[in-house]
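Take a look at this one; I'll ask things after.
By letter and in written order, the chains are A, B, C and D; residue numbering begins at 1 in each of them.
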Amino acid sequence: MTTQQLRIGFIGLGKMGSGMCANLQAAGYALTVYNRTKSKTQPFAEKGAKVADSVKALVEQSDVIFTSLLDDKSVLAMCDGDEGILAAMRPGKIHVGLTTIQPTTADVLKQQHAAQGCHYIAAPVVGRPDAAAAGKLITFLAGDASAIAQVKPLTQAYAVKQIVLGETASAANALKICVNYMAMAQLAMLGEVFTYAEKSGLPKAMVLNVASMFFAGNEPMQEYANKIAEREFDTVGFDLSAGLKDALIFETAFIASGVKPSAIMGAKDNLVAANANGLGSKDWSALTQMTRLMAGLKD
Amino acid sequence: MTTQQLRIGFIGLGKMGSGMCANLQAAGYALTVYNRTKSKTQPFAEKGAKVADSVKALVEQSDVIFTSLLDDKSVLAMCDGDEGILAAMRPGKIHVGLTTIQPTTADVLKQQHAAQGCHYIAAPVVGRPDAAAAGKLITFLAGDASAIAQVKPLTQAYAVKQIVLGETASAANALKICVNYMAMAQLAMLGEVFTYAEKSGLPKAMVLNVASMFFAGNEPMQEYANKIAEREFDTVGFDLSAGLKDALIFETAFIASGVKPSAIMGAKDNLVAANANGLGSKDWSALTQMTRLMAGLKD
Amino acid sequence: MTTQQLRIGFIGLGKMGSGMCANLQAAGYALTVYNRTKSKTQPFAEKGAKVADSVKALVEQSDVIFTSLLDDKSVLAMCDGDEGILAAMRPGKIHVGLTTIQPTTADVLKQQHAAQGCHYIAAPVVGRPDAAAAGKLITFLAGDASAIAQVKPLTQAYAVKQIVLGETASAANALKICVNYMAMAQLAMLGEVFTYAEKSGLPKAMVLNVASMFFAGNEPMQEYANKIAEREFDTVGFDLSAGLKDALIFETAFIASGVKPSAIMGAKDNLVAANANGLGSKDWSALTQMTRLMAGLKD
Amino acid sequence: MTTQQLRIGFIGLGKMGSGMCANLQAAGYALTVYNRTKSKTQPFAEKGAKVADSVKALVEQSDVIFTSLLDDKSVLAMCDGDEGILAAMRPGKIHVGLTTIQPTTADVLKQQHAAQGCHYIAAPVVGRPDAAAAGKLITFLAGDASAIAQVKPLTQAYAVKQIVLGETASAANALKICVNYMAMAQLAMLGEVFTYAEKSGLPKAMVLNVASMFFAGNEPMQEYANKIAEREFDTVGFDLSAGLKDALIFETAFIASGVKPSAIMGAKDNLVAANANGLGSKDWSALTQMTRLMAGLKD
């Protein structure tokens, strides 16, 4: 069976999922979709996708099943039970897990799928919804080598870069956590640097200047430096309440491996406080506002 | 008087100072040097520099006086008293302060010099001793515009980039603090990410791979990521006890402006601990070893 | 029905539960017990308790059902499903929840029980297993007033003090979190103070002396000060891995209410590190060892 | 010479100093006073004290010289130079240092005095200005044993408890730091607990109740729990800007001995923020307001 002949199932049409799914559809794959809120399947149906009435039905009609869900709990619930993914999986089918989950959960999922003679590929992605829509994500892939060989061409529909990490599923999710951890640490740091500059009477343009040298080839971080400098938190790439959820994921993973996550503690404290101060729907870089509030800047 | 005719005095021939001074000498300026430990003036004398017996004598023979000292206390002490810099300064002379000091101290120095009819230019530099020796530093310049106009061509001897920040002397030192703050926050973050990867069984090459994307275009940070991945802390660009001193400078400056420096707290804790564990003379990125020790990794 | 006529069911015979249950039995109440590992019911059966084969059977035979379980998840699982507590509850029956759970979970449980016409009383206890065995716990009680009136005399079997907090179930669990939060913050603090004293050459007896003034009427804290001074971590009142679990409970509760839990961050970091360093089965005050390790004290 | 015949000199009539000095005068000792702002000597002169025109004059007329100053810098400056304390000290005279200074500074002072054949006794006190005025402080004493024997009866004028720590001067200051460190850690902790209770709808009276059990026998901490519960920060025992100064003293001492001061980090962050928010003149327990602000409570 060639890649083009693979029947694709896609579960979870949220902000990230809908972008990736649209790119898979645009690439010409036969597509079946499922979403708890059925109305979100409409745009895909209009372009020719089948809409499954149940998870089970979707799995039965698909060779490769992508899931883009909220968290560990929702992925595990989607796999379990008589009506779940695992019950309908057959040898040869591949489940591609896009959700950011705990690394240990990825290993559990791989094992559960293997017990059914099928495959679980950990395939978390790096990038925000706009990158998902533009097909410009980065994806990490870990799991059975032959299954990855089948799946990798599909991921080119939504990812410009594929990094294959070997057989251990958790590795892909662990690396995803490393990337987001690096990014989140920057937000609190930049918020503090710009607040210090402001309180010191140092023009923000000068700080932006050095931030641009610092993040010369890292466009997303340059954008965040701009947002924080301008305090432009209403254009939302990734919202603050999602940022707090992410922080808790990192923390759980670090603690499970016995490493204390100091570098994001300032970020996490500010995400908690920003949520408590009603900023949950702003861009997550709005955590900066809490550094400013503590520094006596009230606007 | 053309730039080439300016008589230059240089006080403080430590790791950073000797590199900058050598580049000024190589650029052909008439040079007088002074150092508390006189033996360090020898290499400059051999290439034709005058060696002053006192600070006062040096100032009297120079139009532009550079100081590269340890900290606020040593700069203030060097300026004060009957035998100090200020007592010997005359209208038109310019004092170029290269030392990393508190921004508020820079403003005090500017005022003291102005009261004598002369100039203080805050001129802290970014870069390690190897960059000083190679003439590849970045310098920030703040103070009287006409004095900066005279001094700026001189700084080209040791700096590839000059950023002029206006009349307020403290701005140059505040920006220097911003830059180093950004860098220091990364070290603790990288140490935690690599330790997490190690404990999770994730190959360090993969983390290096994403770190390289993250810090694309930022060569020094890429080097630090390498050092931390390889735990190669014996090649010392900037030692750990100097790193702790730096952390305390940032913290004092942030607290003075009412901003809490969360982003470097992990770094600072680890610098304190690493010093207590006998790593003071290693590269400052060896703070990583403390994250590893806490995570149960003893080697 | 008088208090003495109430038929008592007790689920969960772990370290805390077995002590409380033994005191209820010693007070003369008719008792049915259930435990997943059946062997733990043996001592109670020998003294005349009935042993239920299922949760459902226990609930059917009891007027007041005590549960002493591990965490939110285990309590919710024990209540749910066809074989769970809720399915067997009838109007008038009272479920007394002893487990330390999230306050929000207590409110959910109260509501679920009310929907069945029965009662959930939040009844977390303060004290370690030795206090449970000695009947010297403190208990907080929250829920329906008439149900509390029935339950309160029973709690005298294991608690020397009853604090009634009104109708809102979560209040009892929130107050329990406050108490443990206060205690945990002290452990990290005492560990740091004694380590500082040791590194400063200050005799520990002097620090113990002032700690005794500080905690004059707080015997448990005085004991902890002693343990930390002597580094006597093998007599275990509450083990370190349980301490880490507790820290995560506090943190979840604080974050849910938008308050950052700074005061226990040092404790939590050290609990994580101590677990990673193989101290999970020591007394939780052994987190002190991590402060010492970071300070360069290796014994 | 009997204790009553000792001529006492007292330098530094601030909030703490004036209370202690008044008690020494009330106890009947021959007294000479000196204060930079001379008006503060007036009340003492009115009751018969001599007022010295210079430090030197005071030392010449006294057998035992008490100093109650601001910090290390002011103590060292007061001792140094031709007009300083050391220049006027003669064998047999005793300098009693009441100021909270770095332990290492106390050892330096002891050595400097010994070099002149006289004594320095480290004698920091625990308690607020009201306790100084009431003669109810606690004092730690360290230094030469025979000098302590002479000085100890004098300290009974202002202290209800004397704890002698041996010959090493720094020990007294280190122990003082331990005590204040313990107290400061509580303030941030209590502020967080009461804020959590407030956000959780838990009545503050209940939290006060358990706080009273926790700090049974520790009156000052019970008072602070009350202040924080009532947010009554206008009655000022020790102001917030002094609290921040204290935090920095602890931190410097801990870092100098290689111990990281995690337990007061929350307190310090809040002290910095509270100062930045204009609360510097409130009671230091007002740091609680910052925990509330971050939690979205604006009053």
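One rule holds for everything that comes next: a residue touches a chain if its C-beta (ideal position, glycine included) is under 8 Å from a C-beta of that chain, and two chains touch if they have at least 3 such contacts.
The structure displayed is predicted, hence computed values, not measured ones.
The chain with its Cα centroid farthest from the Cα centroid of chain B is C. For the self-contact between chain B and chain C, the two sides draw on mostly identical residue numbers; the shared fraction is above half. Each chain gets a centre from the mean of its Cα atoms; for chain A and chain C, those two points are 37 Å apart. Once the centre of each chain is set as its mean CA position, chain A and chain D turn out to be 54 Å apart.
Looking at chain A, one finds that residues 199, 258-260, 262, 265, 269, 272-273, 276, 294-296 touch two or more other chains. The touching residues of chain D, counted against chain B in their complex, run 244, 248, 255, 258-260, 262, 265, 269, 272-273, 275-276. For chain B in complex with chain A, the residues that touch the partner chain are 103, 138, 163, 165-166, 168, 170-171, 174-175, 177-179, 181-183, 185, 188-189, 192-193, 195-197, 199-203, 206-207, 209-211, 213-218, 221, 253-254, 257-263, 265-266, 269, 291, 294-296. Within the complex formed with chain D, the residues of chain A that make contact are 199, 269, 272-273, 276-278, 290, 293-296.
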